[in-house]
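Sharing a structure below in structure tokens format, with a few things to ask.
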């Protein structure tokens, strides 16, 4: 099965700054993936490249098996919700719907109508709240029955209620259409709820990539008295080491049960895990990509 | 795309049509006194190259009476630029400024198809509106054209086929400027500068050379003869054919005054002549076709560049 | 027939799909759903809770593998058997064992909080499928 999105050594430079570098990843069809990382991590750049709005500086990428720049027809199957949902503000809701209907070969009017029940068709897009406008943009992008759905920071500017409403709508659409979904967000809380997999970007590079469940299973937090540590049985690698006073906290990758009685073992939340991989106090220095894409990157 | 273009630009079309309607009303209103004066003063009998007595006076009075209106009509030469400034330049620049290109260019319509369709439909509308304006002006200027001819730029530029050609050219320049500069105000400025520059260059260097100019030798005293031709140059030469410089001409006039002789007759007697180079009135439509063809071709080329460039524009 | 509504506790440490499984089983035990009732569609659950549809599908699959529900192609998932409530007999024996254990714990010096913590942690551990 062709992956929905794949990138090989993808890089994008903006003037002198590399927004994205050495990005290699594969997102299988049907997955719901969270693309997370701090601001300016390269998330928007990656999505813009996938949507055919930017040309790579180096490397390559394939969307549903095709290059979006060479074969722009593939965009008929890609639903892109840009940051800020920049719909035409002078259009009314019904005109915006008509615009989407007429510029796409596939259209499901029923799905769209169902999602827009709350909005009056004659309201101008420019007068909608951010939450409503984002929901409208979501409905329009789902109406084209995309095989790949790209959402760039959809939660920006949304209060918690609007966030929840948006996610409900999104998941309902996903249940109906079963697209591959990539959500870029620096808000990690909702990602865990909704995503099967996660890709962590920081400073333009992929730091971590994998299934949420297996990542949570393969990491633990170890608490113990502060002392020099040797090898701990069951621990494959120490991801982050913190100490305060007389306590030592380690976030570790494990490859077996940690039975050492001198450590208290706890599970880690996804947010903690991701933050640990972003922060620079890693003990290992990053190595350049080792040929075959690994789960860890630097 | 027709629906999309219509939805996004119908306000502009409405403004254009309203402008045309306002012009039509003004034209009809002002035409009545003009037509009345024209026939009342028997001006049809004074058409060049008629030399009837009293005609000079009649024509001068007619031109003085309605001269201000005629000047306004000359000012309509700026209208074609509006297509570039207010339709062409914002087309792409606004998409970039508002970020809406991120929605417009990620649908099932390719960027090139999107731009091509929009440009073609807008060009069509522009041609129609500009064409109607041109017809309106030609109708209004009939008496003036009969008396003064329409080869001179003041008439040539607002009549005939060139008006829609200028407008479509301005539109294309605006679209490309918007694509390259991505800011509406900058694109409008660039469009205006380019439009004026190209128009001036064609007017000054190309149009006089569309066909070889004709020459006529006349007596120096025969100034003020009215004609419908487009006079390109009027040089005073001596009996040997050499151009007479201004100081030399002034000296001759001084001699004439000293001798208490009419300067015009004196200069005639010296064997001096005036050589007039001009484009005859009969070439009006040929020149119109040539210039309109030039500007339409430029518009097509510029649009092709924009359509090619739009795919390569990383946004 | 009452429509089941699920609720999530994201801080409980229990995987989402397991929480759904637990809630279905609870409903079966309490008799709020009976054989033949339809479970909420994946679409409805997901539109309510805003979770991954795969999670719901996984929960339903697990229930099906335990023989409690059956998925009918195109029509939904239906309850196919009930869960017998544990008989009172078991309750008495378990209670006696618990009293003995509690006496040991109190003798060892554990206070009420510690006892509850120990019970919760051990219960959580016991419920989890084979982990790292």
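Worth a mention:
A, B and C are the chain letters, set down in written order, and residue numbers restart from 1 in every chain.
Here is the rule we go by: a residue touches a chain if its C-beta (ideal position, glycine included) is under 8 Å from a C-beta of that chain, and two chains touch if they have at least 3 such contacts.
As the structure is a prediction and not an experimental result, all values here were calculated from the model.
A count of contacting C-beta pairs for A-B and for A-C identifies A-B as the more extensively joined pair. Distances between chain centres, each the mean of the C-alpha atoms, put B farthest from subunit A.
Chain centres here are Cα means. That of subunit B falls 85 Å from that of subunit C.
Subunit A and subunit B have centres, each the mean of its CA atoms, that are 58 Å apart. Subunit C has its Cα centroid 31 Å from the Cα centroid of subunit A.
Residues of subunit B in contact with two or more other chains: none. Residues 48, 51-55, 69, 72-73, 75-76, 78, 80, 82, 84, 86-91, 95, 98-100, 102-106, 137, 144 of subunit A are the ones touching subunit B in the complex. The part of subunit A that touches subunit C in the complex is made up of residues 32, 164, 167-172, 174-176, 178, 190, 192-196, 213, 217-218, 220, 254, 256-257, 267. Every residue of subunit C that touches subunit A in the complex is listed here, in rising order: 8, 10, 13, 15-16, 42-43, 46-54, 131-132. Interface residues of subunit B, counted against subunit A in their complex, comprise 1, 3-4, 7-8, 98-111, 311-312, 314-315.
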